[in-house]
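Just below sit the structures, each encoded as structure tokens.
Below are two complexes that have chain A in common, paired first with chain B and then with chain C.
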Partner chain A sequence: MTRLLPLALLAGLVALPLALGANPYLLNALIVTGILTIGAMSLNLLLGFTGQLSLGHIAFFGIGAYVSALTSLGFDVELGFGLRAVHEPWPPVVGFLLATVAAGACGYLIGRLSFRVRGAYFVIVTISFAEVVRLVALNWVELTQGPLALTNIPAFTLGLPGLGFWTLKSKLQNYYLVLAVGTLCYLLIARLVHSRFGRAMRGLKENESLALSVGINATRTLTVAAVISAAMAGAAGSLYAHYLRIIDPDVFLFATTVTMVIMVVAGGKGTLMGPVVGGLIFGLLPVALRPVMAPEAQWIVYGLVLIVILFVLPRGIVPGMAARLGRRPARSAPVLEASPAVPQ
Partner chain B sequence: MDELIQHLVNALILGGTYALLGIGLTLIFGIMNVVNFTHGALYTVGAYVMYLTVAALGLNFFLALPVAILGGLVLGAVIEVALLRPFRGSDIDTTMLVMIGAGIILQSGTLWTFGGVAKAIPSPFPEAPLQIGMVSVSWLRLFVLGAALALIALTYALINRTKLGLAMRAAFQDSDTAALMGVDVRRIYTATFALGSSLAAAAGALLGPVYVVFPQMGGLAELKAFAIVILGGLGNVTGAAIGGFILALAEELGAGYVSSGYRDAMGFLIIIAVLLCRPTGLFAKAERIG
Partner chain C sequence: MSAILSVDHVGVRFGGLVAIADLHFDVREGEIVSLIGPNGAGKTTAFNVMTGFLKPSQGEVRFRGTSLKGLAPHAITRLGLARTFQRTSVFPDDTVFDNVMIGLHQVGGRLGRAPVLDALLGRAGAGERQLRARAAALLDWVGLSGRMHEKAGALAYGEQRLVGVALALATEPAMLLLDEPVSGMNASETRVFVRLIRQVRERGITILLVEHDMPMVMEVSDRIVVLNYGRLIAEGPPDRIRNDPAVIEAYLGQGSSARQAAKSAHGSAREPVHA
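After this line comes the complex of A and B, so read on.
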């Protein structure tokens, strides 16, 4: 049953545009939801599987968006000391790859910097990092146009030499692109979690001293998880930039990180399907709430739902539903069995 | 030289309110092990209570300040009893997420009630600043510094000279042993959260008249409070007090001599530098964390 759920959901999502017809409003909501869900999946890799909460996740997303946009737009920047960086536009696909690499590199730096201390420190370092990056995007006007935004970002072009190229301009094309990248990320995370590396991650989360004693390198494992997570968020940011085709420093809003966290926690952190289910619910909630309430009131509902879920389903919707259906999801089974040395 | 002195004076005045913010946050973290994401919202609430009592009700400016502090105290106690007490014993991530939810509700609630337009709080002080040589300070800012220092002194007296403070320090060192010695730890937690919240509200009420009041003002204040707390070491009250002044100094000098656009980045650069060199904070020695 739980095995079939992802396949059924994928089939449903592939068929959905046929059922909706070409409703641009709903398609737009679905695309943005899909992009945020990829962000939520990447956040879950850290929060759910290693237990480290990155509250600056939007930084990786935003860096991905800006790197991809600048790669495909080109730039000409004075660096000082008579140095000058000039870049001719490259295709968006290259931007996508560079976005992934750049965000992953930032994930490496943040991981190296803060996993020496972890816990609350990691939370605050990630927030700080996001804020610094936002201020750079706002103030380095020569490169980023600051609050004026980067405009005319080209749409994705896919294709092979000899077979022709498609420019993905329509919403329908972008929908399937996001769905494809999302599915790829899902499969990658699933592979990773079931690998030796995934067991090391979960071992560290459940019982760090025991994990260390069997030879798991904590800092290395967490840093690798941070790199993969950040790279995935960067990929999502690149999709966002080439879909909207305009980005400004507001892409770094703390509220977007909070949305991703709510998606993960509500859906079920540490499960593969959790962020997807949470992402679909909370991504599409504004569509359902829009006719009845103002945006501020929607945020109040968001906050209330987060608190209620922590009260009622502390492990999230997916594990909660699985327990109700009489099956524990395989993901939640402890990988290391040990009683705590000191009873709490 | 005059410019430097002016920056130092500005930093001193800003530092007082930063210290208030940091002390409130570090108390809550040290004693309760809760990363308080409602701190910024309480700062905003303090400023709006000040605005309501002065501008809307027409109450005296000096009476409105205690009203704002009391508002923070009551709201903090309500949040603790309603949202933190049921999660006692949960891990730090869970309480952090509950606080994020509560912070969103408070901030959006303020936006919904008062709208997004910034409001000014009228102050009873003369417009003309106090001029000493080339250095000028507004009377309002001098009052803000005085009030902040008085509140810091009061907090210190409360922690070090009263029975409640003794119980708080006991709960900070070891809550289980404190409970065995007859300390009602549940009550201490409520008192701690209320105290920390009232300090945040006081900082908002003091800086509200200096700048303007708007619903999102707490976001940046909260991030700065985190920076101050990391600078001083998590749970270190004296560290947070000094950290407040250091952050204010870094911001003033950064804005004055580097670039005013990066003023708000200073705190985060400090966090990153501190974590690179002294991960437990600048003043960590005898005090225990959590």
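After this line comes the complex of A and C, so read on.
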């Protein structure tokens, strides 16, 4: 059952463009939703499985977008002291890999910096980090073009030597690229969560003292989680840059982090499917509402839907539905609901 | 036998409050030693110092000749010194089986050299199977096989204690610190637990015990160390401690529940006392 649901969803998403035809407006919404959902899945690795809230998650996403864009565009920057950094354009696929590595490295730094103290400190460090990165993107005009935006970012080119190359310019191609990367991220997270490393994360979240006492290194475990989470967000950012083919410092908007947090919390944090379900609902809700109401009213409905979801299913849609359907609750379920009467 | 754990003139102060004034004792290899004393005597504080959860203001703890100064709790566990906790002894949202799997963290680390990489590449198969077999064996050994698939947080208090012991044993320790393991257990559960402690010792694991249940302490200990107001007031085999005037004084001076504890320490009442 738990294995069937994601597979059914995947099959549905694969078939969706065939059923809809190539409606560019809808495809665009699906692609952006898919990219944000990958961001939400990466955030869930931290927020859901370790309990650490990264409110600057968009920084890793934006770093991925800029690193990938600059790698594929090339740059020529004066560094001062007579030093110049010149970079010739590389293929976007290399940009994608570098974006993942660079975002992961930032995740490592943030993790080392804040996981000795954790909790509120991590939240503050991540917010500040996102703001600093945004200001750099805005003000280092020579490198990033500042508010003028980086334009003409090349689209992804995939190919095998001997078989030919495809430049993914159409929406349909990008849709399947995002779906493939998203599926890969889902599988990676599923793997991690059910491994020894995932057990260490769960242990730390449920009872930190006890986890330490069985030999789990808290700082290291959380830092590794932050690295993987940040790298995944960076990958999503790279997809974003090469799909839109233009990025400006607005990719660092705090509101996008909030959207990801809403996707995770509404869908069910600490579950594999939660961010996917939450991501699809909150990514596509504006599309559904657009024909019937003005944009201002849409945001009100957006907020109402969130309130209703959290009111009816406080633990999120996925764990809530699982409990309603009478199955065993998901891993992160509080004990209260799950307790059978214990014979003495 | 040589000392496996030496508490060397340890003192702990929280601001002006002296939790432990000057604690000095050894535990020898293969012994079962109990640390007793009225509430607030500093027993749990002493445990927290030994396991790295608290830094002592003075003195140091040595385990198998290694100073534990400055070591984090997880590093101390890796040296072979494991503990249980007084209150929260389980990972409440996981099944009993998964609890032990989390506890097998270190063993799992030895089986696979790069755990995160193994997990990502899906190489963990053989190691995981070994871990699962071990977890099942351990649960069988502490008598929780029947509860394997239940949420640990939903178990009865006494059973949660057993999960705590299984978790500590999962780290393959040379020495085990038990913090009030039988509190919340009834008389028959306590008897079963005493048998378990003896079996743990037969496996070559040294045991240091903090406990309020005097009959249990008297029955199981080779040696007893008595603390009061952060100081060591007596040390010796159960028979000597039972009749030690300083010990009786310490307990009688503490109000009715402690008086009862002192009485039961003399063997007149055999029911457990939770002072």
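Following the convention adopted for this analysis, the second predicted complex is superposed on the first by the 309 of 344 C-alpha atoms of A that agree within 3 Å, B and C clash if a C-alpha of one lies under 4 Å from a C-alpha of the other, contacts with A are read in each partner's own complex, and residues count from 1 in each chain.
Note that in this section a contact is a pair of C-beta atoms (placed from the backbone, for glycine too) under 8 Å apart; a residue touches a chain by one contact, two chains touch by 3 or more.
These figures come from a predicted structure and were not determined experimentally.
*Asks:* Look at A:Ala297 in the shared chain and tell me whether it touches chain B only, chain C only, both, or neither; answer first, second, both or neither.
*Replies:* A:Ala297: touches chain B, not chain C.
*Asks:* Please work out whether A:Leu192 is in contact with chain B alone, chain C alone, both, or neither, and reply first, second, both or neither.
*Replies:* So A:Leu192 only meets chain C here.
*Asks:* Applying the touch criterion given at the start, work out whether A:Ser213 contacts chain B, chain C, both or neither, answering first, second, both or neither.
*Replies:* A:Ser213 contacts chain C only, not chain B.
*Asks:* Going by the contact rule set out at the top, does A:Phe60 touch chain B (first), chain C (second), both, or neither?
*Replies:* Neither partner.
*Asks:* Based on the A-chain superposition described above, do chain B and chain C contact any of the same residues on chain A, and if so which?
*Replies:* After superposing on chain A, chain A residues 344 contact both chain B and chain C.
*Asks:* Where on chain C is chain A touching in the complex?
*Replies:* 51, 53, 72-74, 77-78, 82-83, 85, 88-94, 98, 101-103, 105-106, 108-109, 112, 115-116, 118-120, 122, 124, 128, 131, 150-151, 153-156, 164, 167-168, 170-171
*Asks:* What does chain B use to touch chain A in their complex?
*Replies:* 29, 35, 83, 86-87, 89-90, 92-94, 96-98, 100-105, 107-109, 111-112, 219, 223, 226-227, 230, 234, 259, 261-262, 264-265, 267-269, 271-272, 275-276, 279-280
*Asks:* Taking the touch rule as given, give the residues of chain A at its contact with chain B in the complex, in rising order.
*Replies:* Where chain A meets chain B, its residues are 47, 51, 53, 113-114, 116-117, 119-121, 123-125, 127-129, 131-132, 135-136, 138-139, 254, 258, 261, 265, 294, 296-297, 299-300, 302-304, 306-307, 310-311, 314, 344.
*Asks:* Spell out the residues on chain A that touch chain C in their complex, using ranges where they run on.
*Replies:* 188, 191-192, 195-200, 202-203, 206-207, 209-218, 224, 228, 331-335, 338-340, 342, 344
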